[in-house]
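Look at the two complexes coming up: chain A is in both, with chain B in one and chain C in the other.
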Partner chain A sequence: MIGGKDIVIPAVGSPASLDACARVIQRQWPHARFEDAETGEKYSSYGEIPIGRIRHLLAYPNVQAEALWDADKPDSPVNSMLYLILSENSVTVVLDDPNVGEMPAILEGIRTMMEMEILNTDAFCYAEAA
Partner chain B sequence: MSQSSAEILETLLRTNGLGWMIDMYAPKDQAIPAYLDLLTRLAAEYRSRCGVAVSFAPEDLQAEAERNPHKVQAFLQLLRPNRSPAMLVMVWRVLQGLSIRAVDMNYRERDIFRLSFMLARPGDSGQDQLETYESTDISDAALVRHLGMTKVGGKPLFDGFYALRLSDQKQ
Partner chain C sequence: MVFHYTNTKGFNSIRSQPTWLFKASQPPGDHPEGAYFTTLPPGTINLGKRIFVRGCRDKLEFVFHFSGDDGLKPLPGGRGEVIFYSPKDYPVEPDRQIVHGATKDLAEK
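Moving on to the complex of A and B:
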């Protein structure tokens, strides 16, 4: 199952933000698998994701969870897939239950990463301005 | 050095807001050759440390920029002709997904500077899987400002390298 909750987290809608989310997921799910939700293209690790081309990203904790979803099994475990949607001013996390398993840690990780200065603060480029 | 590689690298730098890296280099016409030389040394260092060949040729960086423009921009922002190839390998490894397990920096005025990073694959807990990178060049301290910095559960976390957002550039 999926689709219980939509968690909207304010964020700069840049590839770097989605990248940071994927890193959080990889940290909590070291064997995470990913998928472009729009094209169905699959990625066996974070390093394979062409994040610059993706705004809708699916994440599975492991290959077994991915296989269950691919088989369209109705009994897929709770929170065995995450759906990330990158928008101009937010990242939306679609999941089953925000209070189960690794999900609180993933959500906290995404929230704190989206607040990082380097994602939100412009650097002044002295040389370009000179 | 092929002309096309030089042109591609110059285009990559300028389109990522880094034209100053060329224009402020002295002599200016030696900037691109210097960066191409660094990329060649970086590829050799990567092969030596990681045992696999990874190309950092401008054509390959351009292709990666089409997939992950934010990663290539972060990487390009960290290029300097005198940057330690080992530290650039470290940056690339983090961009590809390795975790930063430890960072140590030691500085004494006009005496010593030492910066070290310890990396590991996410989920690996064994000490034998750690990769260690060290520098004694204070200019490598600039790497630190590109780190993703946060707290998780109240505990400190460095995660990822990110491009500085240039003020005239919409991200």
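Moving on to the complex of A and C:
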């Protein structure tokens, strides 16, 4: 049994990567709420997330969506939760449908931020080597 | 250590044979057809959310626990750390079987 679609985006894989993803989500979902997927600790806004201590982050567009998932309701709306996983060289975004609602903008925003991070790291490494 | 969660019907079907046979099927979404497994044990916080299944209480009601992951492939991406699948039916002989039963009972042990 498995659900969702896994979108794997190349990334530096640092805490800053997850921070950037959360900022993109907060921009598209101004009332976003977050949760540490591994501990269940809840964060009512982006600013509360203890970046650096989290690798698995759940994001909801609002408190209603969060409540539906918490109650294990089968009828929670499409794309009412995102599951972000920080890995060594990527960020995985698990979602229902990448083409619905704010999802194209969120994914594009995350891809752009991850590309910028990779380019910045490459530039830093090049400067260090020079 | 590998776990397979299922509902009452799946539980009774799989446990009815000495060799557990986990049937490959087409899951929702764009995941490949297969029999799916996880290393997340009973009692894992947010198990349903991490598997990304709504209304999953009945689908996680029972669990089979066995050793070894021969032939299992990790899911591409971050969930591949804990979710694996077999593209075809996956048999588990008695010597690999550890325990099976209600998920809530195993979570309390």
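Note that the second predicted complex is superposed on the first by the 115 of 130 C-alpha atoms of A that agree within 3 Å, B and C clash if a C-alpha of one lies under 4 Å from a C-alpha of the other, contacts with A are read in each partner's own complex, and residues count from 1 in each chain.
FYI, contacts are C-beta pairs under 8 Å (C-beta built on N, C-alpha and C of every residue); 3 or more make two chains touch, one makes a residue touch a chain.
As the structure is a computational prediction, the values presented were derived from the model and not from experiment.
K.L.:
Could you say whether A:E117 touches chain B, chain C, both of them, or neither, answering first, second, both or neither?
P.N.:
In the superposition, A:E117 touches chain B alone.
K.L.:
Using the superposition on chain A described above, determine whether A:I51 touches chain B (first), chain C (second), both, or neither.
P.N.:
first
K.L.:
Which partner does A:G4 contact after superposing on A: first (chain B), second (chain C), both, neither?
P.N.:
second
K.L.:
One more residue to check, A:S14. First (chain B), second (chain C), both or neither?
P.N.:
So A:S14 only meets chain B here.
K.L.:
Name the residues of chain A shared by its contacts with chain B and its contacts with chain C.
P.N.:
Common interface on chain A, chain B vs chain C: nothing in common.
K.L.:
In their shared complex, at which residues does chain A touch chain B?
P.N.:
12, 14-16, 19-20, 23-24, 26-27, 30-31, 45-47, 49-53, 105, 108-109, 112-113, 115-119, 121-125, 127-129
K.L.:
Mind pulling up the chain C residues that touch chain A in the complex?
P.N.:
5-6, 27-31, 36, 45-46, 48-57, 59-60, 75-79, 81, 83, 85
K.L.:
Which residues of chain B touch chain A in the complex?
P.N.:
17, 19-20, 23-24, 65-71, 96-97, 99, 121-124, 145-153, 159-160, 162-168, 171
K.L.:
Quick check: in the complex, which residue numbers of chain A touch chain C?
P.N.:
These residues of chain A touch chain C: 1-8, 35, 37-40, 56, 58, 69, 72-76, 81, 83, 85-87, 90-92, 94, 96.
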